[in-house]
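Please read the structure below before turning to the comments.
So that you can tell them apart, the chains are marked A, B, C, D, E and F in the order they are listed, and the count of residues begins at 1 in each.
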Amino acid sequence: MKSKQTSAESRLERGRRALKAIDGEAGEKVIEALKDIAPDFATYLLEFPFGDIYSRPELSLRDREIATIAALAAMGNATPQLKVHIEAGLNVGLTKTEIAEVLMQMSVYAGFPAALNGLSAAKEVFALRDSQGLSGPN
Amino acid sequence: MKSKQTSAESRLERGRRALKAIDGEAGEKVIEALKDIAPDFATYLLEFPFGDIYSRPELSLRDREIATIAALAAMGNATPQLKVHIEAGLNVGLTKTEIAEVLMQMSVYAGFPAALNGLSAAKEVFALRDSQGLSGPN
Amino acid sequence: MKSKQTSAESRLERGRRALKAIDGEAGEKVIEALKDIAPDFATYLLEFPFGDIYSRPELSLRDREIATIAALAAMGNATPQLKVHIEAGLNVGLTKTEIAEVLMQMSVYAGFPAALNGLSAAKEVFALRDSQGLSGPN
Amino acid sequence: MKSKQTSAESRLERGRRALKAIDGEAGEKVIEALKDIAPDFATYLLEFPFGDIYSRPELSLRDREIATIAALAAMGNATPQLKVHIEAGLNVGLTKTEIAEVLMQMSVYAGFPAALNGLSAAKEVFALRDSQGLSGPN
Amino acid sequence: MKSKQTSAESRLERGRRALKAIDGEAGEKVIEALKDIAPDFATYLLEFPFGDIYSRPELSLRDREIATIAALAAMGNATPQLKVHIEAGLNVGLTKTEIAEVLMQMSVYAGFPAALNGLSAAKEVFALRDSQGLSGPN
Amino acid sequence: MKSKQTSAESRLERGRRALKAIDGEAGEKVIEALKDIAPDFATYLLEFPFGDIYSRPELSLRDREIATIAALAAMGNATPQLKVHIEAGLNVGLTKTEIAEVLMQMSVYAGFPAALNGLSAAKEVFALRDSQGLSGPN
C-alpha cells in the first residue's frame, strides 16, 4: 500500500523515464531550464505529457513522434520543440527519410513555408547528430 | 513514347486513384464542389497532394494519415478537412482507438481545446460510419 | 475652427463613408451587431480600420482587398469576415476570377485546406450575389 | 495513509470541484461528451487543467479567466471553449463589461476579426444567461 | 473650444502617456524603429492601442496585461511583443510569480510549447531587469 | 510529340523561370538548401507554386505578391519566406511604400504585432537592397 507521496512520485518517475527514452539529453535541458522560473511546471511537464500521454500503450512511440513532428511543423511557431522532437523521432526509430517525408507532406496542410522551415530545422538536427557521431538511420 | 497530354493525364490519374483509395467518397465530393468555382484547382489538388505527395513510397499511407490528422487537429481551423482525414485514417488501417489517441496527444502540443474539438469531429465521423454499417476497426 | 466633438465626428464620418463604399450592407450589419454589447468598439472599427487605414491614398482599394482576402483566407479562423471582404472585393473592382485566383494561391502559403475553405466561402458569396441579381464581373 | 487509488482520486476530485465551480454545467457536458470516445481524456482534463493548474493559489480564478478568455479569443479557433470560459468568467466574478473589454483589447493583438468573433460569442452567452434568469453583473 | 489639430494631438498625447507608463523604454524603442519605414504607423500605434484601448477605465492596467501576456504567449508568433508586455506587466503591478502563472496556464489552451517559450521569454526579461537593478516584485 | 520526360521538364522549367523572375537569388538559395535533405521537394517547389500557380495569367505578379506578403505577415510564423517575398514584391513592381502599406493594413486583420514584425522584416530587406545598390522604387 503506497502513500500519497509515493504514488505521486511514481507518476513523476514514469514521466522521467519516458522523457529520457524519447527526448534524451534535449529533454533534460528543458526540465533544467525551468528550475528557477517555474519548477512546478517541470513537474507537470514530466507528469502529464510524459507520465500520462506518451506512456499510454495504445500508440507506439514511433507513431506518436510522427504526430508530434507533423503538428509542430504545421503550427510553425515552436521551432525549439520541433527540433527536440525531430531528434526524438530518430531516438524512437524513425529514419531521416521518414522525418523529411512527414515534413514535406506538411506543405499540403500548412503551406510550403511550414514545410521549408521544418526541413531547415531537420537539417540542423541531422547535421548536429552527424557531428556527434550519433547519426540516426537514413 | 507518351505524348505530353498522356503524361499529364498519368500524373492526374495517379492522383485520382490515390484520392479514391485514401479519402473515398468524401474526397470526390471535394473535387466535385470545385467544378464551377475553380476547376483548375481540382486538378492541382489531385496532382500535387495526391499524385505527388501521397503517392511517394517513402512513408506508408497509415503513417501519412497520422501526420495529417495530427496537423489538422493542431491547427484547429480546418474541421471539414480533419473529418475527411479521420475517415481516410480508417480507410488506410488506423483503428478508432489510434485516431482518438493521436487527437488526445494534441492536447500537449496545441492545447486541450484542439484535442477536444478533434475528438468531437472524430465522434461525428465514427457515428456516421456506424450508421452506414461501415464502422472501422476499434 | 472645429470643436473636439466635430473633429471626432469627422474621423468617424470618413470611416463610415469608407465602410459603406467597401463593405456595403454587410459592413453596416457588423456595426449594428455591436450596438448593445460594445458600442464603443463599433466606433473604433469605423475610425481605425476604415477612417485611418482604408482611407489612405497610398494603395488602391482593389489592392487592399487582395491583401485582406489573402490574409483572412490564410489565417483560416475568421470566415464571417472573409465573406464580407470577398463581397467587398467585388464592390471595389476585383473580378470573381481574380478572387478565386487569390484564394487558390493561398494553398502555397497556408495549405490546401485554407484554399479550399476560402473557395467554399467565395462560392457562397457569389451564389448569394447571383440570387440577388448583384452578380459582379467574372 | 492513503492508497495509490485514493490519492489518484483525490487529484481527480480536486479537479472535479474546480471544474464545477468554474465552468458549471457547461463543463460537465464536456466531460460527459468524452465518455464514449475518450474516457481517459475526461480524466486528464479534470486532473491537469482543473486539478493542477486552476487549483493553484498563485493567481485568482478571476485573473485566470481573463487570461483564458484573451487567449481563446486571440487564437480564434476554439469557439465552443471560448463560450464555456465567457460563462466561467461570469461565474468567478468578471462583469459583462470587463469581459467585453478583454475581447475588444484582442483587436490590438490578434486583429479586429478576432475581437468581433469574440464579442459575438459573448453576445450569445450573455443572451442565453439572460433567458435563463442567470444574467451576471454588468 | 479646441481646434481639430489640438484634439488630434490630445488623442496622440494620451497614447504617448499610456505607452510610457505601460511599456516604458521598450515602447519608445518600438516607436523609434518605425520612424523611417512607416512614421504614420507609429502615430496609429500610439493613438489606437494606447490612446483608445489601454486608456479606457473599464479594466485596470494589471488586468489588461494579464490578457495581453496570455494572448501573445498563446499565439506564439510575436516574441518581441511578448517580452515588451512581460516587462509591461511588471511595470503595472504584476509579480514575477503571477506572470509565470499566466504563462504556465497557457499550456492548457495553446499547448506546452507555447507555455515553455513564454516562460523562456519571461526568464530573459526577468534576468535583464535583475541585471539593471530593476527587478520587479516576485 | 513530346516524351513524358520532356513534358515533366517543361513544367519544371516554367517553374524555374518564374522563380528566377520573382524571387531572384533568394529563391535559388532556397532550392539549393533543399538539395541534400529533400531534393524532390525542391522539384515540387519549382513545379507547383512556381510552374503552376505563379505562371497562371489570371492575376498579375504584382497582385500575387500583395497577396503573399499579406498572408505571410498575417500568419506571422514564416519570417524567412516573408523576407523573400518582400524582395519579390520589389522585383515585380511594388514600391517600398506600397509594401509598407500592405504590412500596416495587417494590423487590422492580424493585430499590431503582425504588422510591426512585418515592417521590421521589410526594414531589413530594404536596408540590404540599399547596401547592394539595388534599392527599389520608393
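Keep this in mind: a residue touches a chain if its C-beta (ideal position, glycine included) is under 8 Å from a C-beta of that chain, and two chains touch if they have at least 3 such contacts.
Keep in mind the model is a prediction, meaning the values are calculated, not measured.
Chemist: Which chains does chain D share as contact partners with chain E?
Modeler: Common contact partners of chain D and chain E, which must touch each of the two, are A, B, C, F.
Chemist: Measuring centre to centre with C-alpha atoms, which chain is farthest from chain A?
Modeler: Chain centre farthest from chain A's centre: C.
Chemist: Repeat of D-E among A-E, A-B or A-F, where over half of the residue-numbered contact pairs coincide, is which pair?
Modeler: More than half of its contact pairs match D-E, so it is A-B.
Chemist: Since chain D and chain F are copies that touch, just let me know if over half of their interface numbering is common to both, same, or not, different.
Modeler: same
Chemist: From the centre of chain F, which other chain's Cα mean sits the farthest off?
Modeler: Here the answer is chain D, farthest from chain F.
Chemist: Between E-F and A-C, which chain pair is linked by more C-beta pairs in contact?
Modeler: By number of C-beta pairs in contact, E-F is the larger.
Chemist: Using mean C-alpha positions as chain centres, tell me how far chain B is from chain C in Å, no decimals.
Modeler: Those two chain centres are 32 Å apart.
Chemist: Between chain A and chain D, tell me the centre distance in angstrom, where each centre is the average of that chain's C-alpha atoms.
Modeler: Result: the chain centres lie 28 Å from each other.
Chemist: Would you kindly tell me how far, in whole Å, the mean C-alpha position of chain F lies from that of chain C?
Modeler: Taking the average C-alpha coordinate of chain C and of chain F, the gap between them is 25 Å.
Chemist: What positions in chain F touch 2 or more of the other chains?
Modeler: Answer for chain F, listing residues that touch two or more other chains: 40, 44, 48-49, 53, 56, 72, 74-78, 81, 104, 106-114.
Chemist: Under the touch definition given earlier, write down the residues of chain E that touch chain F in their complex.
Modeler: These residues of chain E touch chain F: 30, 33-34, 36-38, 40-41, 44-45, 49, 72, 75-78, 80-81.
Chemist: Which chain E residues qualify as touching chain A in the complex?
Modeler: Contact set of chain E toward chain A: 75-77, 100, 103-104, 107, 111-117, 119-120, 122-123, 126.
Chemist: Across the complex, what residues on chain F touch chain C?
Modeler: Counting only chain F, the residues touching chain C are 48-49, 53, 56, 58-59, 63-64, 66-75, 78, 81, 97-98, 101-102, 104-110.
Chemist: Over in the complex, which chain D residues touch chain F? Could you list them?
Modeler: Residues 74, 106-114 of chain D touch chain F in their complex.
Chemist: How about chain B: which of its residues touch chain F in the complex?
Modeler: Going by the criterion above, the answer is residues 1-4, 6-8, 10, 40, 44, 48, 52-53, 56.
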